[in-house]
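Some structures are shown below for you to check.
Okay, so chain A shows up in both of these, paired with chain B first and chain C after.
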Partner chain A sequence: MMDDEIRTVLAEHGRLAVDAQTLTDDADLYQAGLTSHASVNVMLALEDAFDVEFPERMLRKKTFESVAAIRAALDELAGAGVD
Partner chain B sequence: MTTVDLRAESLVARAQRVADEVAAPAADEVDRDARFPAEAVDALRVEGLLASLVPTHLGGGGASIAEIADVVAALGSACASTAMVYAMHQIQVACLVRHGGTAAIDAYLRDVATDGLLLASATSEVGIGGDVRSSSCAMIRVGDRVHLQKEAPVISYGEHADAILTTARRTPDSPPSDQVLVVCRRPHVRLERRGEWDTLGFRGTCSNGFLLVADDDAAYVLPDSFGDISSQTMLPTSHIVWSSVWLGIAAAAVDRARRFVQSAARKTPGTTPPAALHLAELVARHQQLVDLVQGATRRYDETWIADDRDAVGSISFAIEMNALKVSASELVVDVVQRALHICGMAGYRNDSPYSLGRLLRDAQGAALMVNNDRIIANNAQLLLVHRGR
Partner chain C sequence: MHDGAAATIRVGTDLVRVHDVAESMARFGDRYLRRVYTDHELETCGGVAARLAARFAAKEATIKVLRPADVRPDWRAIEVRRHESGACDLQLSGTAAAQAAAAGITGLAVSLTHEGDLAAAVVVASVDPIEPEEAAA
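This part shows the complex of A and B:
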């Protein structure tokens, strides 16, 4: 469910050279064509879709390097919200 | 602390000697003929200054970024083209130091230190429109060899460099932003001149266009992606050392204005020359530039010495370095123009000791080399997610 939404955001805003739905979880998004400009748009769309705000420490290239990395960041933010 | 200070002093003292004795006397001719400042670069090599940023365990000077920035500024006051060549060389050395780490790249850095090799770069490409984070040409790998061919609209001092660090797509199937950086060494790289370099300023950088064809060992492809190399090292180092070139230009302009006002004051003791007020304003503006560049240099230097990749990879840091470039490039033009206003016709003339023509033309390049519009657009995008900390 969360993965589907992440992939939808990537498909709409990532400007990837490949179909976001066919990417493996740990495929390198930068090698798939994610630019730093597009990654900001992905961040904004993820914040809107999941109603979160990435804190400064997560605003790193690594946070958005794969579907799995994005999921881990969102999970962490969701966990922090519960506490 | 004392040791560091002494070493810094000796580095800058050596640079000052090259600036005063070699670069300054040739500067007007280098500018007029748009020729490479060969004698100044040779002198920098002899003084060991081309190797300053190479770590000591690889035979280099082990200097910090702040020390390099001081050398660049000292050269910039004498000959901006020489300073820019030196600055661009150090940007490439910084990339090898931070993003090599392999036996082949370490061995090459040793050669840089021992032989005083000069490194250039080919990051822009015909048809791409100035975005260095995008390539059209691709690296083709066959076994242990790599081949690449690139139409470069400019390669500064390409014909005088011992290697050209070149960006390319990782493979022929890679998207434009998935780039690698390849050390294209002589004699494994061939350049065919495609364009002239007849510009308003920085004429001695000889930044002609070339077709670059390279065929070399795959060990000379840097292991890190160019995206990381660019954001962590190439961009911040570029903005620091370029700003230091402009600092040198600005210092030379202020020096001419000061000498002009003092010369007038000697003729009218008891009466403050009208231009003295403008000099006071100019010095205030110059101080803004000095403190801006030195503050940013100090902060980058701290991350460089600590090798803090997380800090340099942050959005805050990228925004700060981008803002530095934009502000410094505008301030240097303002400083030189104010100096021209103070020196009047003596500054306007090309044959006067107060001449500001070359400084003004060189300063105008600051906002254009990596256009400020592009940098402001980048910051506008980053600020959409920046948290202000």
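This part shows the complex of A and C:
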């Protein structure tokens, strides 16, 4: 479910050269055409979709390098909100 | 230069499509602008996508000369300062300033340009090879 939403965000905002729905979890998004500027859009769209905010410490290239990496970052942010 | 130790330079460049910036402005509005650009940049660009695209290119070009090992600095920690003459330079703060100091970067110069749907920036950094060793001592 979360992966579907991540792929939808990537399809709408990532400007990828390939279909986001066909990417494997570990596929390199930068190799797939994700630019630095598009990664800003992906970040903002993920924040909207999952009601989170990416802090500076998570502004690593690695955070947005794959569907699996994005999922891990969102899991961490969601966990941070739990008492 | 210090006692024969040659200063070196680093060069970074980046290219941004103006249309992409305009689309982000339309899609995310103030959230996009406030997340990426400083108050000074927003003021000096006057909402012109081409100018903002050139500044985004400058931020990315700066990151290329900083060569961060892991965490990328907040985009707002790299600011393009525009002077009355029209000349621009870079001002770093926060993580970007710390990374520049750690890399021994002693000076930065930037050049911006935009034409049609493309905006680009080149950043040159002077690097003092002495300082990182001193920092590690």
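The rule we apply is simple: the second predicted complex is superposed on the first by the 83 of 83 C-alpha atoms of A that agree within 3 Å, B and C clash if a C-alpha of one lies under 4 Å from a C-alpha of the other, contacts with A are read in each partner's own complex, and residues count from 1 in each chain.
To be clear about the criterion, contacts are C-beta pairs under 8 Å (C-beta built on N, C-alpha and C of every residue); 3 or more make two chains touch, one makes a residue touch a chain.
Because the structure is predicted, anything quoted here is derived from the model rather than measured.
Quick one: on chain A, after the overlay, do chain B and chain C clash, or do they fit? Just give me the call.
Clash: chain B and chain C overlap once superposed on chain A.
Kindly classify A:Ala32 by the partners it touches after superposition: chain B alone (first), chain C alone (second), both, or neither?
The first partner, chain B, only.
Of the partners chain B and chain C, which touch A:Glu56 in the superposed model: first, second, both, neither?
It touches chain B and chain C both.
If we overlay the two complexes on their shared chain A, which of chain B and chain C does A:Ala17 touch? Say first, second, both or neither.
In the superposition, A:Ala17 touches chain B alone.
Superposing the two structures on chain A, identify the stretch of chain B from 184-192, 256-264 or 310-318 that clashes with chain C.
Clashes occur only in 310-318.
So which positions on chain A get touched by both chain B and chain C?
Common to the two interfaces on chain A: residues 35-37, 40, 44, 56, 59-61.
Would you pull the chain A residues touching chain C in the complex into a rising list?
15, 35-38, 40-41, 44, 56-57, 59-62
In the complex, go through chain C and note every residue touching chain A.
Per the touch definition, chain C meets chain A at residues 14, 16-17, 20-21, 24, 27-28, 31-32, 35-36, 56, 60, 70-75, 94-95.
Please name which positions on chain B make contact with chain A in the complex.
Interface residues on the chain B side: 133-134, 170, 174-178, 225, 227-228, 231, 310, 313-316, 378, 381-382, 384-387, 389.
Using the touch definition from the top, list the residues of chain A that touch chain B in their complex.
16-17, 30-37, 40, 43-44, 47, 53-56, 59-61
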